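The following pair of complexes shares a single chain, chain A, combined with chain B in the former and chain C in the latter.
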Partner chain A sequence: MFRLVISDSRAWKNLMAAISTLVEEASFDVKPEGLALRAMDPSHVAMVDFEYPKESFQEYECTEPSKLCLDIGDMLKLMRRVEAGETLELTLDPQTNHLNMKLTGKYKRRFSLPLLQPSVSEVPTPKLTFDAQIKMDADCLNDAITDISNVSDQVKIEADEEKLVLTGLSETGNVVVEFERANQAVLDFQVKGEAKALYGVSFLQDMVKAGAASSKVVSVEFSTDKPVKIDFELPLQGKLTYYLAPRLE
Partner chain B sequence: MSGNCQVSYEGRASSTLGWGERLLIIKTDGSVLVHRPEGYEPVNWQPAGCVFQVEVEDEELRIRAARLQPREVLNIFFNRVLHLSTLTLTDEGDFSLYVSEQDMKRAILLAPKLVGEDFRPLTSEKELGAAGFVDVVGEDSEGRLVVVEIKRNPAGREAVRQLQRYIKAVGMRTERPLRGIIAAPSLTREAQALLSREGLEFKPVSLKRCYEVLKFEKTRKLSEFFPE
Partner chain C sequence: MVSLEKSWLSAYLPYSEEERRRIGEFLKVRVPSYGSLCLHCKGGRMLCGKSCCPLIVKAEKLLGQLRSIDSEKIQGSTPPSVFVGRIGYPKVYVGPLIPPFHGDTAFLDTPETWIGRGLEDIVNFRSTLVRGKFPVSADQPLRGGSLFEKLQEMALAARPVDAEALFAQKPQGAIVLSDEVQPFGPSAPLRAFWLSNVHADRVVEKCYYDDDLKAGEAVLQLYRDGVPVSKIQRCFSLGMFGDKGRRRVVPTRWSITAVDEAISLSLLREVRRYPPVGEYRVYAFKNLDNIFTAIFLPEAWSFEWIEAWFPGTVWNPQGREPELMGDYEGFRGRTTYADVGGCYYAARLAAAEALSRERRQAKVLILREIRNGYLLPVGVWNVRESVRQALKTQPHKFASFLEALDFAMRNLSVPLKAWLPRSVILRQALFQRKLADFSPQG
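Our next item is the complex of A and B:
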């Protein structure tokens, strides 16, 4: 038996969009404590780690753990027009093997999505320590990455004890965005020594843009030539974390 | 030849390299490579078809390699020659690379443009029940789901039928419009007819291109960082 109600459907839609930046089919772990999902993109370069505890839902009922796999693209299409204040109810119909969606606002709308065969593979998290951990305003990071994406398809991220620097390298000229530790947009700044790594802009842009729609605060954590962990703060111990592998020089 | 030289290049951009000991290779087709003592890439080069001017001036051996379209000049000036050899080399060998279908799939996931300008991969090795495993499923800029069947040998009618089965299986699970593409070095004549009758597509994907994508791929995999 599985049923949940979300009071802010638009927030849910943004979270689903964030997951869909990496995968088309989402295999959710449904447990009495809440929902979780961990998935890698097809080329195994990026990962999303998502958790939404039962306290984050207006109502949440789950009698036994199971795996629920659905096409997120289809769910997002059905939710294309979602208004402020609409609630979303999701119920599992075991007889038809469908997920029933009910959006309630000015009027009620019902949809249903077929459930797919869940993937069996478990995805571990990368084992990493971080020399640089910087918490900052998510919109500022989004703007910085957008600026860099205009000139380059890769970004060099560097941090020392004074500042975080993002550089987009191109033949015509570099774009350099600097965030000093004292900058208003920086909420917490912990850097041991120095850290420097190169990442693909395309994934980074998708992740940060999607995450910034769901959260105002983002933590960027990395070490030299190691994957970057981008964690978007969600209320009530919810988690939206991305990992992105580095590029070689 | 090798020796102590200085190099300057003028053309689409410009560069200068101060005095240092390097290797210079000039091939019979007029292509030029300057190699520093380390690294596998030349620091300066010119493609085939250069015109050469060589002279000795101010105790320097001055070699100029020039092209016209676009105008590029590479100057290599030696003040000391360590060795010089001229060789007439004959190479009729076949360069064959072994690229498996798995390799082709990895290359496509790393460089989706191989399949199409707006192709975005979503899943690979997707299980479709009785139909089997489809190689890659993605989407295009119009939101259509794109099913890709990869073959390393010329794709024949059986590959087209396989793709048809996958499309049918995928179609049962989604409302989205579908496209089917065979990605292979070539398509047999019989397969071409069947393909167009079924409204499916063919994208030529060369093994060489896949090899290049894999060889020069610069992004690492997250799995390299997983705990043992």
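Our next item is the complex of A and C:
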């Protein structure tokens, strides 16, 4: 038995879009305590770690743990015209092996989506320590990365005890965005010594753009030439975290 | 347009006084509006850097061909072969291609069998076919008239068809004074033509008469039934598939890429679900002074195609260094037309076929070096068939990317440092770390 109700279906759609930046097929772990997903993109360069505890849902029922595997692009297609304020109910139909989606707003709409065969792949969490941990306004980070994506396909992220600097270099031109620790977009700033690493801008842009739609606050954590962890704060212990492996110069 | 005898080309061609009178006026020489190096070179100074003059090669073939046609009528067995022009679209010229002799002529228009043939043969095949032409509206193939219906009937044939064509005038050959135009046989406006011995290909015929089957689905169905791509493409170009009201005539050049694209997309939908190949691989193949090198990486599907045109080849006549161009798509494919054009899709089809056969996926990088012996472009089939051939050879297998790359570069004369800035996959493989590199077990 599995059933859940979300009061703000628009928010749910944004979260699904955030997952779909990395994977086409999403395999959720359905557990009595909530919904979780951990997946790597096909090139194994980026990863998303998503948790949504049962408290985050308006109603949540799950009697036994299972896997829920679906084409997330198709789910988004069905949800394309979701309106703010509509309530979404998801239930599983074991007979037809479909996920039923019921949207209740001014009137009721019902969609159903076939479930896919879950592929077995364990995704390990990278073991990382971070020299730089910076909590900041998600929209500001999104703007900074969008600026850089206009000129370059990679972004250099540097932090020392004073500031965070994002740089894009290319033949077209150079973009440098600085966030000093006292800047009002910066909420928390902890850097040990220095940290510097290079990342592919398209992954970073997709992640930050999708995450910023769900959360106002993001924390960026990294060390020299190590993966960056991008963590979006969600209400009620919800978790939307990305990891992205660096490039070498 | 000037006649041949007034042009410098006549000096190179072995023809007699009598022939000059008889056929000279039917071989026209046209100067392209954008000017041409050939006018300064006149076949003698080798300005284009090729090993011999492509115009003289073309002119000789065409002349040989014109010798055997001396009236407004031609009889022969068509492979079957058709051509749909793209100039003036949506009002385009279509028509049959007929050689002036009978027999099993299928090879004349089956590029699938051309691997291993020299450039001379290929030019010969092209020049042999005499093209009749008449106008149709691309968007109204159902109102194409009786000539057009007959053309479709001919295209359906499973074997060469005996044909007789009546032209409005004696076919003329045209040589464009530019080394970047594909060889073509003589042509003339078509008045009428007659067919005998048409044996329709049952499988193709079924799709032709199915008014509800979508064009894309018809293409896939025929491909899975083993119909050669060149044949599917021929019928596709004559608007013979699809929902009855939505059939269109498609210029030959576009239809080739449309068919390559449709088939590879469908194969790739499956390939993306297969496990990756087990090792790094390098495949190599040479055809018509083109070097093809494919590198397979044991990762999720993505594809890149890069061509290096050597100085003196068609797209790089004046350069000192090889000119590189290419295009890339990631796991989810692409949404825009590839900058390099049709060869990208032809190569991708060959790669998708090989992976689908093996039920594996891979990250695929294909490099092509086009050297000076490639006198004139012969068509996109060269890429499709060469890559197909390359991927049927036994690959060299390696445990690491660097070993594979090192081996691949030994075959090529463009150095790694020239490929690197052009190649997304090379840069990814060399510089992009993976998350697993940072996991506890490494």
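We adopt the following convention: the second predicted complex is superposed on the first by the 248 of 249 C-alpha atoms of A that agree within 3 Å, B and C clash if a C-alpha of one lies under 4 Å from a C-alpha of the other, contacts with A are read in each partner's own complex, and residues count from 1 in each chain.
We take it that contacts are C-beta pairs under 8 Å (C-beta built on N, C-alpha and C of every residue); 3 or more make two chains touch, one makes a residue touch a chain.
Everything numeric here is computed off the predicted structure, so don't read it as measured data.
S.K.: Chain A superposed: clash or fit between chain B and chain C?
M.R.: On the superposed model, which is not a single observed complex, chain B and chain C clash.
S.K.: One more residue to check, A:Ile148. First (chain B), second (chain C), both or neither?
M.R.: So A:Ile148 meets neither chain B nor chain C here.
S.K.: For A:Arg247, select first, second, both or neither according to whether it touches chain B, chain C, the two together, or no partner.
M.R.: both
S.K.: Check the residue A:Leu116 against both partner chains and state whether it touches chain B (first), chain C (second), both, or neither.
M.R.: first
S.K.: Give one of first, second, both or neither to describe whether A:Val191 is in contact with chain B, with chain C, with both, or with none.
M.R.: Once the two structures are laid over each other on A, A:Val191 reaches no partner at all.
S.K.: Could you tell me if A:Leu92 is touching chain B, chain C, both of them or neither one (first, second, both, neither)?
M.R.: neither
S.K.: Of the partners chain B and chain C, which touch A:Val45 in the superposed model: first, second, both, neither?
M.R.: A:Val45: touches chain B and chain C.
S.K.: Comparing chain B against chain C, which has contacts with more of the residues in chain A?
M.R.: Tallying touched residues of chain A, the top partner is B.
S.K.: Is A:Asp74 in contact with chain B, with chain C, with both, or with neither (first, second, both, neither)?
M.R.: First partner only, chain B.
S.K.: Return the residues of chain A at which the contacts from chain B and from chain C coincide.
M.R.: Comparing the two interfaces on chain A, one with chain B and one with chain C, the shared residues are 24, 40, 42-47, 124, 126-128, 200, 226-227, 243, 245-248.
S.K.: Considering only the defined contacts, which chain A positions touch chain C in the complex?
M.R.: 24, 40-47, 124, 126-128, 200, 226-227, 243, 245-249
S.K.: Under the touch definition given earlier, write down the residues of chain C that touch chain A in their complex.
M.R.: That would be residues 272, 299-302, 330-332, 363, 428, 430-441 of chain C.
S.K.: Within the complex, which stretch of chain A touches chain B?
M.R.: Contacts found on chain A: 23-25, 40, 42-47, 71, 73-74, 77, 114, 116-117, 124-128, 171, 200, 226-227, 243-248.
S.K.: Flag every residue of chain B that touches chain A in the complex, lowest number first.
M.R.: My answer: residues 13, 106, 109-110, 121-124, 126-127, 129, 136-137, 139, 143, 173-176, 218-227.
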